[in-house]
Structures are given as structure tokens and as C-alpha cells.
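Chain IDs A, B, C and D follow the sequence of writing; residue 1 opens each chain.
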């Protein structure tokens, strides 16, 4: 945590100099989990100078991570702030804990991150800030477990988002589709089983985004996918892409160099923002 | 029809000479459709000489075809008979009409070919002939619409078959996955819509074998697929193969030269019999 | 042509108002073809205000097109100009005639567009304008035949370019890999045969980018590919992608909705500029 | 070795009883390597009873194996003998040493297995036995390194073979395309480097069957490929298949359950024989 405060101090200082975007760490209470979680929020430079309503991008972190990962771990520490400025978009980074998978766990009654995100985080942000309080201005993406969360939440709540993205998404919790050594498989599966229960060929099917290809088609929501060719999650991403091609669902799918790393996510995020900016433009929710 | 009688006459004659297998055209009544359909049945040479129970392969014809196609249309007219002899297997070719799709139609109450096949054809054959009256000796395959029928019936009735095959299977009735000119699309879709109702992106999903990949996995039934690389049905076959690889379902999948032709099916059928013979061996239902 | 002049007049006018980039139509002589061709050149707003050397993007047009296509045919007529401004990059659109394929034709001695581009266009631009006169500031991309040209020229002249792109690239002139009706095949093949000679399975191999995957690997030049899933050129693009994955060549590959249309290219070009901007940054040839 | 003699004794004994095929271990001298190697040869039952010339299948063993593997290691020890009987084909299993790759090594002057096989083994067999002394009766296949050898030899000597097969072929000696743990990679690469020299991205290209797809197309030789979906060599096999589909080369390609095991090869070999029998029939070199 200290590291973050130091960084934020640095960021605030740099604010005074060159960078105009503002970063806040906020508290977003959860009634359903009877707990308060932190979130980071980046306001573009233009926010303070304007009275307009701004689009919001929800940017989810990955497994074993926290709300502030996207600010602390990209090689270019200004990445998220610069993108907020460039695209005049508020970027909210909520907490997903180290392994919530952004779902309401069927086995752990204390882990209700789908409800938290949908019923508590979004209304909280919309009530406190000058946002476009409509799906037309609401975007979501994330990395790894957060890429899963982005597609899980947007596919199940298509009325709330105008577009969704995934970067290196852990799209299928059935880990037999991941390219892992047995050691790593065993290590990770323990975390998954805490949230989803025992992993059998059938038990995780309702939670696989790969199996939601027809629902994604029905929703018709613009979708952007990024995956590294060296990522251990390549196969589930290719599989979702193939199913979406097969069922004629419009989506952007990119394979890039790299693995499951912050270099990759730093490279992918600007592409996703570019994609989202086109969607906002069509929906007239861009702030010029 | 005349052509068939002539052929059968020739076949019977040749029986007296070199070929020992016997071909009968039989009548298999349908109570559910209040009609009687013909079927062809080939007995291997060994059937008459033996008192054993024989395995049965149900071999389904394609769209715009009839029960006797497999006897009349292969370049080598002895193909089915020779295979019956070689593998000591009874081969039954039931009627599926020109476009029944071997289902109980949700829109045409007069077309109930799933019920006919399952409740009437199989019991009829088992009651009249010396068959292995158990799934361990019962096989099914077919071409095009018959390849669909084979997988549709075996996936929904896994208690009845020990293995299933498909050749150039029309596995997904959603024709937007077929590689057709607009003219051919329109021509064929009329026939499909008579049986399945209006074709929408969702309406045919329950009938797509591609969408049954998880049920096929659960059944664990040995499966053999053959498809030509120039076939307009290549893509749905590849899609099912990929989904079965993705969900770790054992199956044999072959891409061969050729299109939607009898040359192809003549080439594919012996491979399927070879596959089936291994399954029968494991199940001790081979007649030596 | 009139249409262009009208547009350019409009563009100049708009220059005076909101848009700051400048568009010139220039004459680039060819000694090797004993002819002078037009080219369009877009200078970013920052060019006039600065004394720096600017990176140059060569942007190639497609078959049946001309040098001014990218200015006249995108739905958003300001697309190229805005991208020049946004990325502080000079964009040069040279002439490739309706079907030169940007090569030195092995059969038509009057068609020498590889030599023209490499020995005449690039030196001409570098001699007349304030460019980065080094591969580190030189980019190339194009659409369809121009996507072919981009990869053909950059793969054969890796000393001249720092990165290359292709959009809907006609990467393999062996048209049997294109998804065309027989009528369209015949129509197009006549044009190809004028430039490449009779099309046989072997004759076009030396001109196929798909067969240059190992040379592309050796060059190690950053590469970005965009292709629409409904494009008749999808398969050769997928094939090059697969070969580059197979031989471990870093590249960005995107499949997007759409076909062989200006809507698609308008959507793809900004992604390619974003890709190029990262390469320029690494090479310190970005103008801030 | 003792094990083999025991087995051969058993085989000879069983010859006297039920099995009619004959297995010989023969000595096939190599002038080029100044050494004599053993080979196994299986004669079908019909050979002794007939005066006809018989087709010959050359069946190659894999890495770390020897000439007698196919007789000793299949779960069904009668597999090769039964297939020889069933298809009236002589089956010759020559020696390829534990890691010769069936090539003339560019780095080890003592390893000249291409020359040995082409100039010494084939002429030796044709001179000693009643074979079809023509490509029309000569077949070749093998497993793993032997699948490589089969395609390497037949692609370079298309005048000598009428059809070729590969089972789990190590088709690309560039091991970066194999799915291996680092430990296994290092272990195997030492053996490869003894035969092929240092492994660089380029050095093994001339030895990759994947890169011979256009030569395979030109030869037009019937080709049958089998690969297990769990095999670490799956990707190079898929890649060759894709390239052969891409360049319109007729071939049979099968993905089956299983890995790099004798269970798999026992399952695959009968399919390859079935394929070969069709080729022999077309070439009128079948013994009825």
C-alpha cells in the first residue's frame, strides 16, 4: 500500500506540472458483502474544465491483483491517465479481490462480486460523479480474470454496457483448456475451486464465456478481444473467437506477440480504447 | 424403382455365383406415421452359415435420397455387400424420405422419423433377425442428412448405440454455416423450413449437432467423422471437431480429398467400418 | 479528377478554418518507366510550425484504384488528414495504377513499380521534404493490392522500412486461394495475368507473400495485419498469420467485422497508425 | 535382442499352427556406410502359395528404436503379420538406428541413411524377393522419426513410391514447434544436433517436411497422415495439413484420440493399410 501512496503522491505532484488528469482512491461500500472496498478513479483533464457528462470505462484487474494494479504495474505508469486524457473518459478500477472471478460465488456466500459490481459500484459511481448515466456511455474491459469479469458481467447485463473488451481473458474457468504445467495447474485450481466449487468437466460450463457465444450474438454488443500468442490462455480465446466467427457475431479479435504480462496489457489497452472511442462516437457519448 | 429391381435381380443372380451376401428389400411399418416404409437389409455371407447373433450397422441416406441409395449410387455397386461380408455385419438402410432430417418435426406433425427409427425400425429389425439385441452390437452412420441423423439419434439415445459415424454430415441445419451460392441456399432452405420451421439465428440451435458437443462428451460414445475438403459442409464439420478437441472428447476426424459426392462416400465408408470393427472387438460383439 | 480538385479546394478552405493539415498533389517522375505519376501528400499541422524531420507513412491504394483513393473514398473524408495530425506523420499516397501489384512485372517491361517506388518515389520524397531520411522513420501500409505491395516491398527491402502493415491484403496472387465466384475469378485473373503472366500452381509462388514467411521472420520488422472476416481474401491472410505464428515471428493480427470495403479500411487504418506510433516511439522518431 | 528371438521363436511356432504369414530377420549390407544392418520382413500367407509379384510396404520405426519395433511393441503382437495377410503385401522394416532421421547427415559423414535406403535397401529387397519392381507396388510409412523418413524419402524420390504415409510424424526437426517441457526439449535436441548440426531458426528449414508442401503438391503422390490430438507433435502435423489444404494437394488427414504411443500406432496402421490398398487397386498391383 505504501508503494501506492508514494506513487499517488508522485502522481499528484506531476499533476501540478505536466499531467492534468486526476487520480483518486475512493471507498465503494458493499451492503451485500457487508464490507467496503477501495477503487481507483482517473478523471481526464477535461473533466474539471467541463460541465458535460463523461463516459466511464470500468477497467478490471486480474487474479492475485487489486484495484490499483493498472496504475502500479504497467511499465509506463502514466498509461491509464494518458488514455483518460486522450479519450476524455473517466476510468474506474474497482476491487475484484485476488480471486473473486467477479461472480456471485455458488459456493462461498461471502463472495458476491457480480452483485457488488452491478448493484453497488455502478450506481455509486453514477451517483457521485458527472457520468453518462446510461449504457451508451458505459464501457468495460479487463485483463485475465478481469477480462473474464468484463465479458461475464456485460453478457449477463447487456442493458448496462455499450461495449466490452477482454485482454488475455481467463474466459473458461475449466482449466483443462489452459496450457499449464501440472504444478501450476494444481496451484491455480485451488483458488478456482474456492470460488466455483469442485472442477468437473460439467460443473464450470455455466461459467464459461466460451459457452455464451450465442448469448453474445443475441446481445449484439460491440466486443474487442486481445490475446498474446504466447499466453497460456490462448486456446480459450481462440475458441471463443472461432465460435463468434461461426455464429456471425461482429467482434474485433487480435493476436499479438507476448504472453501473460504487463508489457502485453500496456500494448493492448490503447487498442481497446481506440475501439471504444469509435463506439462512443456512434452513440454520441464522446466528449470532444 | 425399376432400376432397383433390376439391380436386385442382378444381385440375387450374382449371389448364386460369386457373392454370398444377401440383399432384401423389406417393409417396416410405422404406427406413429400410419404408413409403411421400405428398407434394404444386407446379410453377410456368414449369417446363413452361422447361428450367432450379428451386429447391425444402420446406414442412413442423404437429402433427396431414399433407402436404396447406398446400393444404387456408389461407383462400386458391391461396396456395401462386400463390407457386410468383410466385417460380418448386418447392414440396414432405412427410409428417411427426401428431407425428414430423421427428426420428429416441430412443425410437420406427419414427419416423425426419430420416433419411427428409435421405436419402430430398431425393434422391428431386432424382432425379425438374428441380431445382437443390445447397444454393444448396434452401430449407426450415414451421409449428409444421414450423417446428421446418425449423430442426432445416437447423441439423444446413447443407450442404443455402441458407436456412431458421420460422412459429410449436414451437422448444423443453420445453413448460414454452409458454403453455398445464394441460389442453392434458397433452394435448400425451403426444404429445411418445411421440417424445422422458419430459419432464424436461434430457431435451429436445438437441432445443431455442433451445439451438442458437451452431450457428446458426456455420452462418451466412440465417434468417427469424415468430411471432404471441397465439401460445402466443411465448416460445420470442422467446428464440431474443434469443439470436441476443445472439450477433450475422443473421436476420429478425417479430412479427405473430394466434395459432396458418391466417390467420397465410397472412399469414406470402408474407413468407418474399420473404425466400427475395432469398437465391436472391444465389446466382444464381433462375429469371427 | 475534377472531383478531386473540388475536394482539394474544399480541403484547402477547411484548412483555413478548422483543419490544419495540408494536402498536396505532386508529380513524381519515373525515369525507369519514362513517365510521370501523381502522388498525394498530407502534411500534419505541426509540419509547418516545426523544423523537425518528420516520419513518413507510405499508404498504398488497391486494385482498380489510384493515388487519391484514400482521400476520396473513405466515408470520413478527413480520416487520413486527421491521422497525419494526430500522429505528426507525413502520409504519402503514391500511384500504383489499376493493377501494377507494385512489382516489376516479369512479363510487361513497361510496368516497373517496385523500382519506381524504391528508387524513385522514396528518394524524391526524401529530397523534397523534411523527412526522417532513414528506415527508422519510414512506414508502409496499404489496402488489398496495396497491402500486398506494402509487404512485398518491405520484405524485399527491409533496410528501408521500420514497420509495415497490410489491410485486406491480396497477399497471394494465386487466386485459387481467394473466395470468389467463377465469374469474378475470371474477371480478375485477366488483370493478374497481364502483370504476372499465366497463372499456374507454381508460376506465382515467387510472388506470394504467404511463401515469404521465413524471410519476414529473418527481417524481424514489426508487422500489423488487418482482415475482415467477410473478405474474399480472408484465407490467404489467415494462412500468413498461421505461418508467422508457426515460425515464431512477432506480428499483430486482427480479424474484424466486414468485407472488402472502405468502411473496413476506415476502421482499420487508425489501428495501424496506433501500431506504427509505438514503433516510432521505440525508435525515437516520433515528433512530439 | 533375446526378447526378439524368443518372440520370433514363438512366431514361428504359431506359424505352424494358426498364423500363416512368415517373419524373417535379414541382413541388408550397406556399402556406403560400410556396415550391415538387420531388417525384418513379413511375407503374407499368400506369398508362398503364389507365383505373383507382391507389393511392398516399407514400415519405418521411430527415434530410439530399431528395425524390430513394429513386431515387438504393438499391444497386438500379430498386428503387422495380420495386415500383411489381409492385404497380401510384403512388409519390410529396415533399420534407421536410434536417431538417423533417415537422411544423409550434413554433419556426420558416417550416417547416410537416405542413400542406404534408396540405393541399397530397396534394390536388395527387389533383388531377393518376388516384389513388384516398380513404384506402382511400393509403399512407405512410419511412425514419429519414421513418419518423417517416409515423407522425406518419398518426397525426394517420387519416382520410387506410389503412396506414402506418416503416423505421428516428426515432420519438422525444428523442435520449437514441438510441445515439450524444457527438460525434454534439451534431451532430444542433443540427438537432433548430432545428425543435423546446430539448431537455428534457419538451419533446419531444408529438412522440414512442412516446407516441402509445394514439392508434395508437384509430386501428386497419394498421402495419408495420422496424428493424435494429445501428441507433442500435433502442431507440425496440423501445419503440414493446412498447407496442403491451402495449396490444394489431395491427402487424407486424420486426428485421433491419443498421444505418442504404441496404442495410437496400432490404431493408425490398419487405416494406412486400407488407404494403401485403394491406391494399389487403382494401380493394378494388388494381389487378390
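As a working rule, a contact is a pair of C-beta atoms (placed from the backbone, for glycine too) under 8 Å apart; a residue touches a chain by one contact, two chains touch by 3 or more.
Being a predicted model, the structure only gives us computed values, none of them experimental.
Please give the intersection of the contact partners of chain A with those of chain D.
The shared contacts of chain A and chain D, listed by label, come to B, C.
Between copies chain A and chain C, what's the superposition rotation on C-alpha atoms, in steps of 5 degrees?
180
If you average the Cα atoms per chain, which one ends up farthest from chain A?
It is D whose centre lies farthest from that of chain A.
Chain B to chain D: how many Å between their CA centres?
35
Based only on mean CA positions, could you tell me how far chain C sits from chain D in angstrom?
Result: the chain centres lie 47 Å from each other.
Once you draw an edge for every pair of touching chains, what topology comes out, line, ring, star, complete or other?
Contact pattern: a closed ring, each chain touching exactly two others.
If we use the touch criterion from the header, which chain pairs count as touching?
The complete list of chain pairs in contact reads A-B, A-C, B-D, C-D.
Would you tell me which residues of chain A are touching chain C in their complex?
My answer: residues 229, 241, 245, 250-257, 267, 270-271, 274, 278.
If we count contacts the way the header does, which residues on chain C are in touch with chain D in the complex?
176-177, 201-202, 205, 210, 214, 217-218, 235, 239, 242-243, 246-248
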